[in-house]
Amino acid sequence: MNQAAFAIHAAIHQARPDVVAAAHTHSIYGRAWSTLGRLLDPITQDACAFYDDHAVFEEYTGVVLDPAEGRNIAQTLGAGKAIILQNHGLLTVEQSVEAAIWWFIAMERSCQTELAARAAGDPRMIAPAEAQKTRDQVGSPMAGWFSFQPLWQKIVRQEPDLLH
Amino acid sequence: MNQAAFAIHAAIHQARPDVVAAAHTHSIYGRAWSTLGRLLDPITQDACAFYDDHAVFEEYTGVVLDPAEGRNIAQTLGAGKAIILQNHGLLTVEQSVEAAIWWFIAMERSCQTELAARAAGDPRMIAPAEAQKTRDQVGSPMAGWFSFQPLWQKIVRQEPDLLH
Amino acid sequence: MNQAAFAIHAAIHQARPDVVAAAHTHSIYGRAWSTLGRLLDPITQDACAFYDDHAVFEEYTGVVLDPAEGRNIAQTLGAGKAIILQNHGLLTVEQSVEAAIWWFIAMERSCQTELAARAAGDPRMIAPAEAQKTRDQVGSPMAGWFSFQPLWQKIVRQEPDLLH
Amino acid sequence: MNQAAFAIHAAIHQARPDVVAAAHTHSIYGRAWSTLGRLLDPITQDACAFYDDHAVFEEYTGVVLDPAEGRNIAQTLGAGKAIILQNHGLLTVEQSVEAAIWWFIAMERSCQTELAARAAGDPRMIAPAEAQKTRDQVGSPMAGWFSFQPLWQKIVRQEPDLLH
């Protein structure tokens, strides 16, 4: 069994009964962004899905094996849909598997977007009121589920055995 | 129905009877560039297709649902072939579906190019007279249609069912 | 007929009887690097293939249609294996089709490499004597031909119809 | 025979009887990072696999043909699992072919990650004690072998002829 996965996921499911799935990988742009130790900024419509709805877990102390650290992560996550594990990577949660995966993909792309923008210049922020409104528009559990559908249909078309 | 798509596309078609198709997605480099709130510079032959032929729509107020905002976007677009929707992404228009898609691809690549150049150094500009001349050479509706043909042929070869 | 291709390629073949093929596309990193108006630096073994063996053509005056401009490009190329057409893209030449294509791929990758290095820090140079020695080791017509073989074999395996 | 490969690999196998395989290619991000002449920093869990376990070989004197230079590289590698050949690329070693390849892939990704992070901002370091502990957790020969398995299974599924 993957102990680190259990330590993190178990603690999240205990703290958040509404969460059906948590997604976590060490994707390139998510882990690159995570080294900066800061929240994603509301610089695009898509990034607003995470506005005032994600956190940074700053303590990196090695592979997460201690249930206590899993609980700390779950506590920092709070009621949000995502957490940036500093020096580690992204983690997203949601009420459906589809939406948890979609938020992970969307967050990874938001990291790539902000890394590229900051390397080239000085991105402009969406104002708080508009960022919050946009989050409510594009960041709901249903919106996440819906956004994942085309990718799911493509996966099934390419690998029909996955359904059995 | 996709309300945001309707609000934007309907307003453009009303304001621009010459436009047959408008292309819009939240592509990575287009949305990254859009956060900088500035026009693409005439730094390559390909970017000149958009020289003095695109605009920046600076107001981001959430998902575009209000017909009035669609009209504002169409007004900012003016007679141009493209518009950068700040904090959102790119939108291109043309007299054919093929050319509208091609300008989108070409603009996305121009964003990637300028982001990479600005991250590494200080790109040199093509002088206004040459940029304008180049736009007339590579930026016509026919040039856009023509440039899309190899990609279209590849798509049809790979997915012949699309033709039926 | 592609007039721009003719204007450039014809002039090169006239000026350089040793050249069997010239490769030119508007690849992303080549055109991004070309906007900086500078030679590739000898910062990697692979980039040394172009050390003291390529030039920058600084004048961009629109799509190259005038035979006189093709001659200017050929003159700037001189005896080298490659030229950076500022605000435009890369062009490579060689005694075989295989090697001309390989130098194009190798140069595009060298542009990507130096763009990434310069965006993140300050690359160290290989000293002139070592850069020249390395160019002679990895930059010969035979080395270019040889380096292209695995890619050619892969292309033929994937698209056997290309051989007929 | 590839003389450069022999000069490097032979010297490593002589100096390190525990090494079963050495992996070396001129991958894009590895060679870009190598131009900066510095060690990878412990900025992610994955990069910690190389913490205090890799070195930089600073002398670039052309294609490695001289057995003496191969020995210098092996000496700089010491007891580590990887070496950054400045102005050249990455090289990784391990007790199994699988793990040597995995460390190469992991190191290339660590280079991409740190290049992206440094282009956009100022990455935070994992403290030495945690970096060392993490290396022991994720950087063992068995962990490298294990991490390669999914990729190996995918390769075999896609190209079953490789097994014969």
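In order of appearance the chains are A, B, C and D, and numbering begins at 1 in each one.
The criterion applied here is as follows: a residue touches a chain if its C-beta (ideal position, glycine included) is under 8 Å from a C-beta of that chain, and two chains touch if they have at least 3 such contacts.
Not measured: the values here are computed from a predicted model.
**Q** Please identify each chain that touches chain B as well as chain C.
**A** Chains that touch both chain B and chain C, as defined above, do not exist here.
**Q** Where the centre means the average of the CA atoms, what chain is farthest from chain B?
**A** Looking at centroid distances, D is the chain farthest away.
**Q** Where chain C and chain D touch, do the two copies share over half of their residue numbers, giving same, or under half, giving different?
**A** different
**Q** Using only Cα atoms, superpose chain A on chain D and state the rotation angle in degrees, rounded to the nearest 5.
**A** 90
**Q** Measuring centre to centre with CA averages, how many angstrom lie between chain A and chain B?
**A** Between these chains, centre-to-centre, one finds 30 Å.
**Q** Measuring centre to centre with CA averages, how many angstrom lie between chain B and chain D?
**A** 42
**Q** Which residues belonging to chain D are in contact with no fewer than two other chains?
**A** 114, 116, 119
**Q** If each chain is a dot and touching chains are joined, what shape do you get: line, ring, star, complete or other?
**A** ring
**Q** Every pair of chains that touch: which are they?
**A** Chain pairs that touch: A-B, A-D, B-C, C-D.
**Q** Can you check the complex and tell me which residues of chain B touch chain C?
**A** Checking each residue of chain B against chain C gives 43-46, 109, 112-114, 116-117, 119-124, 126, 130, 133-134, 137-138.
**Q** In the complex formed with chain B, which residues of chain C make contact?
**A** 26, 28-29, 31-38, 60-63, 86-89, 114-116, 118-119
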